[in-house]
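Okay, handing you the structure first.
Chain nomenclature is as follows: A, B, C, D, E and F, assigned in order of appearance, with residue numbering initiated at 1 for each chain independently.
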């Protein structure tokens, strides 16, 4: 089964979760090693600017998911 | 109840508030610990570049919300 | 009265001013203290990269305002 | 006369020039002092990352101008 | 054969792979030397902020690919 | 002859090349001196984060070019 079968979700909140998944997958595809990513987590999860940038990436992906769902209008 | 029942708002100002909420939720979903986020607040809230970047993320999310509302035309 | 009654403006130049206002409001909503923001101003207003990033945020917001106005065609 | 009477241009190249003007105006509106901006120029004009970011802002504004002109199709 | 014959893919997951390829090609076209890129990999692959930014670029390219595919609706 | 006669290309690959040209032109218009740009090249071409950001700018411009070409559908 695909990790991304569809961009379509029932609700905006589910769409936000897809945006988070896309953001994490962008990291995972670049650094596939689970142990390394876990080790790095303490770096960004305790740094204000890193968290803002993480939110930035989610925002970009949420644009895509929201458009895909015609903004759940 | 969902934290994001809809992207539709009555006014542009309410839409901007949704954009702020989305930006903060992007941080919260990455760092769920309230105490850590509170501690980090003094870092970004007193740094000019951090505040500009926070505004950047809000701007990206506001694009999404504004499009969802057909720009409140 | 709302600080953002509408995204619609008569001219592109007025739309750019709305984009600037949105960018500043993104900062103000994150750091509401006027004295802190004033103190930080000397940081970003005298730093080339900070000014470029400020222009970046304005550009993102101007995309939104320009689309709202159908690009004043 | 407005510094931005219209986003419409005859050619893509002229549109790129408008994007540059918008990017510079975003800086100027944030730091209106000409002497300060001139002094800062040596900082970003001799730094690779600063130039890349300047190009980034132009790219965002060019998206707006290109859409306004229906991509000069 | 072109390295980018089309933006059209059968599935969202394949579209994400195209977005990754576009992101890497943007690096490769800027630094064509394979040995240099390999050497630099340890820098960004072990740095949290670098990985977030890599995910950011993928997100921007995924917007393009998703729009091209009409979001696989 | 204009350096940008059109955003329209026959193929996606050619469109990516236009995106690269736009990204470089954004730098060149900001720093017109060829010798300075050549000197700075060793800075960004050997830095992982700089290359990622270069790819980011290309991605933004590729969005524009791809939209202009209706995604070569």
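Simple rule for what comes next: a residue touches a chain if its C-beta (ideal position, glycine included) is under 8 Å from a C-beta of that chain, and two chains touch if they have at least 3 such contacts.
Not measured: the values here are computed from a predicted model.
In summary, the chains found to touch both subunit B and subunit E are A. Homomeric contact subunit A/subunit B: same residue numbering on both sides for under half of the interface positions. Per-chain Cα centroids separate subunit A from subunit E by 15 Å. With centres set at the average Cα position, the gap from subunit C to subunit E is 31 Å. Inter-chain spacing, taken between the CA centroids of subunit A and subunit F, is 26 Å. Each of the following residues of subunit A touches two or more other chains: 44, 47, 49, 53-54, 56, 60, 63, 67. Taken chain by chain, the contacts form a single closed ring in which each chain touches exactly two others. Traversing the ring of touching chains from subunit A and stepping first to subunit E, the chains occur in the order A, E, F, D, C, B.
Every residue of subunit A that touches subunit E in the complex is listed here, in rising order: 2-8, 22-27, 29-31, 36-37, 40-41, 43-44, 47, 49-50, 53-54, 56-57, 60-61, 63-64, 67-68.
Those residues of subunit F lying in contact with subunit E across their complex are 11-13, 16, 20, 44-49, 51-56, 58-60, 62-63, 66-67, 71-73.
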